[in-house]
Every structure is written in C-alpha cells, then in structure tokens.
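Scroll down for the structure; my scribbles are underneath it.
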Amino acid sequence: MSVSQLFEEAYTGLKSLVVGLGITGKAFCQPQVTVIYPKQEVDNLSSFRGHVELIGKDDDPSVPRCVACGACVKACPSNCLTIQCPVPVKEGDEGKPVVMGPAPQKGSKTPAVVIVDFSLCSLCGQCARACPVDSLQFSDNPYMVRLDRKEFQIDLLARLRRMAAE
Amino acid sequence: MQAFDPKTLAQDPTSVRFEPGPTEDKLILSMGPQHPSTHGVLRILLELDGEYIVRAEPVLGYVHRMHEWMGQEKTYFQFMPNMGRVDYLHAMAWNWAYAGSVERLAGIEVPERAEYIRVAVTELNRISSHLLWWGAYLLDLGAFTPIMYAFDDREFLLDILQAVTGSRLTYSYFTFGGVYNDVPEDFPKRCLDFVKLLRSRLPMYRDLVTDNVILRGRCEGIGEMDVELARRYGATGPVLRGSGAAVDTRRAEPYSVYPRFDFPIPSYPQGDAMARYMVRMDELETSCSIIEQAVSTMPGGPIAAKAPKTLKPPKGEACYAVEGARGKILVHVRSDGGPKPYRVKLRAPGFSNLSVFAELARGTLLADAVSILGSLDLVIPEIDR
Amino acid sequence: MIPAFVAKMGPVCSAPMDHATTGMTLSITVEAQNIVDAITVLDAEGYMLEDVMASDLQEGFEITYHFSLLDGINRLVVRALVPHEAPRLPSISAVYPGADWHERECYDFYGIDFAGHPNLYNLLLPENFGSHPLVKPEKARKSLADLMPLGYLVDCGLAEPEAEKPKPAKVVKAATTEDA
Amino acid sequence: MTPDLMSFDHPLTRLVVGLLCVFAFVGLNGLVLVWVERKVAGHVQLRPGPLHVGPYGLLQPIVDAVKLIGKQLAMPAGADKYLYWAAPLLAFAPVTVCFLPLPFDPALAPMRLNTGLVLILAFSGLGVLSLILAGWGSNNKWGLLGAARSVAQSVAYEVPLLLSVMAVALTAGSLDLYEITTQQGAWPWQWYGVKNPLAFFIFLVCAVAETNRAPFDLPEAESELTAGFHTEYSGMGFGLFFLAEYASMIVVSGVAAALFLGGWQGPFLPGILWFLVKVYAILLLMIWMRWTYPRVRFDQLLNLSWKWLTPLALIDLVLVVIVAGFGG
C-alpha cells in the first residue's frame, strides 16, 4: 500500500468520524420524541388489544349474548376462561341450594359466572374465534396494574354491567 | 487468581465436560448466560489463550420451552399463539410457516386478499426485526445511540402493526385459511408513509454507522464463511446471502403471492460480518419495495377461507418453508387425522446459524467473537424453542 | 420422477411426493445402518441439510432428514427407522457438521443414540435431565399406516393400492418433481 | 471577587487548602458531569434524559450518589482483600493530586511547580495501577482481561501523549503549566492548539484513551467484558471508580486547556470562567464522541497508537525543534 493510499484512507476515515459527529450533533438539537407517559397520553390506545370482554345484546347491553355453550373454554389454549351455570336440579333435590357447574349445563342459556384469568391469557383470540354467537371481543383497556395475581381474575359479567351502566 | 479447577464445577456437568486445554495457561471463560452481548440467555464456553479464542462451545437451553411437545398436546388452533413466542422478533413468519403447513395438510385455500395482507405484515415485521438487530448489533460493538434511532423508526411500524393485529410484539394474527381480522382503512396509506419515512432515514443510517471507519474495522474480514461452509451447517437467510449465494426462500421456493412482486435479492460475496450487515441493510429497502407493491395492488374480497371450528386434517404430513428475518423457517406437521398434530417439528434458522459460530470464532479475538455473534442475528427463544 | 442419484443411496423405497400438498418432492427410506453412505451421496449432489426430525411411531423411532438444494423446489426427506429397544444409528455429523446439534436435539427428546457422534450430550435440556420427553406412551403411538397417505404407503409397499380411488396428488406429481 | 489562593504565604497551608478545594471541586464537578453526560446522551438519542428529580433532573446525580453509598459493599469469594479495596482508593487519590499544579486562574493555582507537567503525567500514570489491582484482586476473569487490556493501552498511549506534550513544553521552554499558559495570549491565534494543531489532536486522542472513554473504553468494554476491571465492585467501590473516571477527564481537559487553549486567558470574562468554559468544551467533545462511535478493537487501538500517533508525534516534535531552533 502506497503512502498516498494510506493517507487517503486516513482522510476518509476521519471524515466519516466527523460526519458521524455531525449527525448526532444534529439530533442533539432536534426535539425529543419521548412521550413522558403518565404526564402525557399515549395516542394509539384505541387499537390496543387487552383482555377479552363480553358483548351485550343489542336490545339490552347489560345482558351478554353468550349462550353458555362452553366453546370458548374448550378453545382456550391456556385454560383461562371459566363459565359456570346452575346445575339442573335432579328429582328429589328440589329446595337444596343451587350448585354451579361448568358450562354447558342443561337448561341454562345464559351464564351465571364468566371469569377470565388474565394472568394466564396470551391474548391469542381463539375464544373469540370459537364463539358461535360473537359474544367475545378484545377490550382496549391497557391499564392493568394489580398487586396480586389473583386480582387478575376478571369477572366479565360485572364488567359488562358496569360498562352498560356508563 | 485461582487456577481452573474442574472439581469446583462438579454441579455443572457442561463445564466439567469442557475440560481445560493441553496447556495450563489457557483461560476457560463462561460467557453468559447473563452477558450483555449474548442477546438473552445464551451461554458460550470459551477457551482463551490471552484474548484469542482457542475453542468456543455454545450451551443452549436456558429458555427452552418444549414448543414441540406443546404442539402435540394442543389442537391445531390452540398451538397457533405459540408461534408468536418462538421468535418474538419475526413472529409473522412463524405464524405463516405453521399456518401454511396446516393449510397444505388440510387443503385449505387462502383467499387472495389474505395473501396480500400476509405479505404486507410479514415484510413490516421483517423491517422491525432488522431494525432491532441493527441497533442491538451496534450495542454489541459499543455504539449506544443507533438503537435509539432504530427504535424511534420502529415505533411507527409497531403502531401500524398494532392497529392491524392489536399487539406490538408477539403477534398471533394468522389463522388457517387467512388472517384474524381485516386491516384498517388507512393501512395502505400508513404503510406507504412509513416506507417513505424509512427511506428518508436510511442515508442517515449509512452516514452514521455503515460508513463509519470504526465500524468497518470491527466488521470487515471478521467471521468469514463461504457458501460451502454455510451449506454444510445449514446456515440460511442473511448469513447465507452474505456468503455470496443470492438465495431466498421467497424466490427459491415461492410461496403465497411473492412471485407476483418484483424485488432484488441482495447478496455480498465477502462472507464476513460486514457482508451480513450489508445484506440486512439492503433487505430493509427490499422489504420496503415489497410492501409498496403489496399495499398498492391489494385486492378486495374475504380475508379468510371458511375453516371448520375444529380442524381435523386428513392423515399425512406437510412442511412449509418461509423466509424469516433470520433465514429459512421450516415447519413440519404430521397428522393422524385427529384434532391434535401427531408431531410438529420446528426448524429454527437461528439454530443452524448459531452452530456455525464455533467454527467462525476459532482463532479470533474475544471482541471479534462478539461481533460475529451479533452478525448472526440471534434470537435465543427461537434457538432454544 | 425420481432423480438418478437416488439409486446410489441404496433406498429401501422411494416415494415421490407432491410439493403443492406436502411441501416435499421426494421421500427416500433407507436402512438405518446405511444412512451415512446415503447422505454422502446427497452431499456430493450439493444438498443442504435443513433439519433432522424424529418421531415416535409404533414401528420405532423414525428419523427424518430434510434436505434441499440451495435454490429451487427440491426438498427431499430421507427416512430411517430404528427400533424402540435399540434406538441406535450412525451419526452423519462427519458429513454434515451442522447435523451435530440436530442429532443432539433428537437425543434430548427421544434418547436416540447416534453412534460416532463427537459430542452426544443434552443440548436443549439440562445434562442431568434423565428422561426423554417426546417419547410417547405405548398406547398413544400410531403406526406408519395411520400417519401416511395411501399414495406413500403404496409406493413403499406397505399397502395395496385402492383401485377405485386414484389419488389426485399423483397426477400433479410428475409436473412438480422433475428438477434436482 | 475571585478567591486568592496566593494570599496564603506558607506553601504547606496553600497545599492543604488547595487540596480541600480540589476535593470539593472534583466532587462537585463529578456530579455536574454525570448530569451533563446523561443529559447529552439523552438529547443525542432524542430522549430527555434525567427529568424527574429536581429541575431538569439536576438532582439526579445526588440521588444516584446516595444510592451508591447506601449499597452493600460486596467482595467476591477468593478475592485479595487488601488489593481489592486499595484499588478504588488508588484510582481516586492520584487524580486529585493532578489538580494541584493546574492553574485555574492567575490567582488560583494551588501549587506552582516548575515541573508541574511532569507531576501530572506521573500521577496520571499511577491511575492504571488501580485498574490492574482491581482486575487482579477481584478474582474474576473478566476483571483480569480488563486489567490486561488497560496495561497495554496505557503503555501504548503514554508515549504519544508525552511526545505531544513535549512539543508544547519545548516551544514554551517550560514545564510549568502556569508559565506555559502565560506564554499564550487571550486570542485563539495565540494558542498552542492553533499554532500546533497536530500536537493538540494527538493529545486529545490520547487523552480519550488515557481516561478509558469510548471509543477507547476497552478495559471496561461492557459488551465484551461485562464491565471489565470493575465487574465485581458494588456500591461506593464502583462509585469511586466512576468518580475517578470523571475526575481524570477533568484533569486531561484542564491540561489540554492550559497547554493548548490558553488556559484562563480570554477577553472580557474573569480567568476562572474562561478556564472552566474551555475545560467544559473539551469535556463536551469527549461526551459527544462517546455517544456517537462504536468501540474500536484492541489491536486496532494499539495499531493506532504505535503506527499512527507515535510517528506523527515524533515528526511533530522534530518540526517543533527545527522551528524553535531557527526561531530562537
């Protein structure tokens, strides 16, 4: 390698270093892009896919469309859904307290308990896909901070009633 | 300093097996599982002579999750969300490989619109993977700023993908026969805007990093491999293209609607870390051009074929190869006609790419080994599965 | 159409497959002891080792090697069957160094012993893990006849062709497997 | 009014008061530098940097310091107890001595020595000893590799550093920093940095390497050696290394300001302010470089020193001698 080549290489090398400084220097003067979160709002929450929630009937939004068939429970890869209905009363057992059993139960067309355990959920949407009456959808609730994992057992019926009331 | 004593590591069978070399002044160094540049929890046992590497052996399995067993235990639909977790950086390609192999097995036709959406989101995801690699690789080489610029650009992309899929990282967007839900109205416009933005940023990337004399010194001539070595180890993707073979599964074994798009396959003959770097930088542009073509010619129609709620493919087997950001993803599914696969085999490109590392790292400096490791673009969850 | 080099591999049987429905073009079954010779032929032909997969069947462990050329649609699988009692076959890691890790993975999951492997220890599982998680219980195992389509079984002499049901796949076969 | 250290008659009193001032100066400037570094890094990376503690995050370094002091001082098993704890102290102590001959202002030179430059170079050479002890004493392989790197690096970069300083000392005809400063004028064209830009450039590069700053931060290269020589240090043990790094940055910037940029001299403003402005300009350049470049490789680092900087510094020295011979 000749001396001139050597110095040419050194020159281009030094130039690239100066160009690099120029770029970071320019960035230094540009406005920042950080969203300082609790003080500023994040603007794309509407498309966020949170835990599943029930969809109410068109005529009565506080009652879910759900027919308590149990398809979503079976479809869930992580077993995070619980749907319970009253177990049909056997003959001779009338008057005893109502026992809840996993859906489907004979004679029950609405669920008595719908719980999603969000600490297990991986948000895959298989439950919503499996639902025959389109009663499940993703919520867009990103504020999911709890102190105990048990608190992630979300009562969807209560949530639906609350949403309908608002 | 105590001499290396294999007895003190009796609880660790891997280390015991990695005996000290023939001379005593070799240093056995356990790089990882917690090390800044092993990208997660990879462990590499190194035998060093000074700072020169005599022997390197990757130790895997720290994030092993037994996906293949889960594949056998879950139904076809239930295994789908696992695919986003295998390689969290290019989840769409894994989605596609599994969906594609089951579609082949069950003979499900995918509607045209779904194919175009698949292409668009997979290429977007590829760009996000390459951008993250770019930043992380420079972090390995000691430059802290580029990853922030890369993440700044990646943010726009993740917003687009969030609007489509609802999540920002571990997508499970594909279903058998199509995609989960339709893209929003403004999807093509946002894609084109993003492509424009990225193209305006690429010269900055080049000036700041690619042309930088220090980076060139760290990458050029490091970890050279040729096509023959890549073939014997099964290295694919940018690693293979960086060795001079212009091979891309999207072109070699065309799937979906890729044959309809016009895109170049970047390849560099040098085979060093710089060549792999350049291939990935060029692929950013390639993916941009595919996205442009896909969203501007996206037809209307249904987004998913009618698939039964419980899928029971006929007995048989099928594989599906997809070009992921790291190389050829191959999913092989065997069915016995039941609702669960009999066997699912996932071929992770990073697994084969990493297996070359021992060969490439021999005789290099420790700093070069870090550079080589970074240039292979590893995602450890994909390698460990 | 079966390429000429297949004959050199000493196949027990070779069945063409339909790429459109299976993603493969050719399936070659060889004796487990001959695997290294068979794969040396593929190496000379310039094939790349993609993957090594094992599955647990009633007949034994079936080890499936996926090969393809760097370019083009030409994936072929080489299969070898080893019995459950003595799951042992020669290692091909001397021919394809990339097979090293794939074989270790099979050893992890199925306990298949690759003779002549330089480094046969657990790769993904801890070294003292003890068991092989993907080995199926006796009743869950299926035989080849339950897993493979009829066309393949016929080609391998495992079943009689059903006269009334010509496989549509067979028609396409000739069109898609002529490369390699 | 500027404080006048010269009013203390006895040199020993001056030394003690000077040392106390230096400790305060180093501590305060260290904290400010941490803030500046993080703020610059933030803005270069399009993010705000420290923000929440105090106005503009100004109190963040204090919180960090309190956190570091509050942490447990852990020592790895098998470490050499004395070497292990001596290392951080040894890293910090010599750097403070280096401040003594620095002329901050005509009235504010803690110690005027006619061999001030030699003192600084000698004591900054001691700094590498602490890195070796830290790396060796902590019984950690990463630390050992870091220590080995730091030795080779400091040996390689002392040479061109000395040569470039010698070029200036020859021109000025003195080794006293006060003397060298006064020989330059208030305006840039009177500075040695402008008269002899090559020596200035070599000094800057070597200064970055001597203080182990990116892109030459090989002894602690975090993506290769996790943290190099201070891998095992926690709490204030690490804090002292951290402080020593910033202190030695200030020292080399101070020396550069005095040698090449006319020290305290400048129009209109008081001397101490000019001196600090010049020191901080060089510090900012070092910080700016850190957040721009990748790290060089070890052999490249040594090659740069032996194949480029040392010959160039020698040529520069010869030129200076010739010019001084003809001129003087």
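We call the chains A, B, C and D, going by the order they appear; numbering starts again at 1 in every chain.
Assume a contact is a pair of C-beta atoms (placed from the backbone, for glycine too) under 8 Å apart; a residue touches a chain by one contact, two chains touch by 3 or more.
Values in this document were obtained by computation on a predicted structure and should not be read as measured data.
*Asks:* What's the fewest number of moves from subunit A to subunit C, given that each move must go to a chain touching the current one?
*Replies:* Each step joins two touching chains, and the minimum needed here is 2.
*Asks:* Looking at A-D and B-D, which pair shares more C-beta contacts?
*Replies:* B-D
*Asks:* Farthest chain from subunit D, going by the mean of C-alpha atoms per chain?
*Replies:* Ranked by distance of C-alpha centres from subunit D, the top chain is C.
*Asks:* Could you state the distance in Å from the CA-based centre of subunit A to that of subunit D?
*Replies:* Spacing between the chain centres: roughly 52 Å.
*Asks:* How many angstrom between the C-alpha centroids of subunit D and subunit B?
*Replies:* Roughly 43 Å, centre to centre.
*Asks:* Averaged over CA atoms, how far is the centre of subunit B from the centre of subunit C? Could you give it in whole Å?
*Replies:* 25
*Asks:* Averaging only over C-alpha atoms, locate the centres of subunit C and subunit D and give their separation in whole Å.
*Replies:* 64
*Asks:* What positions in subunit A touch 2 or more of the other chains?
*Replies:* In subunit A, residues 17, 20, 23-24, 27, 33 touch at least two other chains, as defined above.
*Asks:* In subunit D, which residues are in touch with two or more of the other chains?
*Replies:* Correct list: 44-47, 291-293.
*Asks:* Send over the residues of subunit B in touch with two or more other chains.
*Replies:* 145, 149, 152, 208-209, 212, 214
*Asks:* If you go through all the chains, which pairs of them touch?
*Replies:* A-B, A-D, B-C, B-D
*Asks:* Which of the residues in subunit B end up touching subunit C in this complex?
*Replies:* The touching residues are 13-14, 17, 60-61, 64, 66, 68-69, 72, 101, 104-105, 107, 227, 231-235, 240, 245, 247, 252-253, 314-321, 328, 330, 332, 334-337, 342-343, 345, 347, 351-352, 355-356, 359, 384-385.
*Asks:* Sort out for me which residues of subunit B touch subunit A in the complex.
*Replies:* Residues in contact with subunit A: 74, 77-82, 85, 145, 149, 152, 155, 159, 162-163, 165-167, 170, 172, 175, 180, 184, 204, 207-209, 211-214, 309.
*Asks:* Of all residues in subunit A, which touch subunit D in the complex?
*Replies:* Going through subunit A, the ones touching subunit D are 10, 17, 20-21, 23-25, 27-28, 30, 32-34, 36.
*Asks:* Touching residues of subunit D toward subunit A in the complex: what are they?
*Replies:* Interface residues on subunit D, with respect to subunit A: 40, 42-48, 51, 288-289, 291-293, 308.
*Asks:* Show which residues of subunit B lie in contact with subunit D when the two form their complex.
*Replies:* Contacts found on subunit B: 1-2, 27, 29, 35-37, 50-51, 138-145, 148-149, 152, 208-209, 212, 214-215, 217-218, 365-368, 370.
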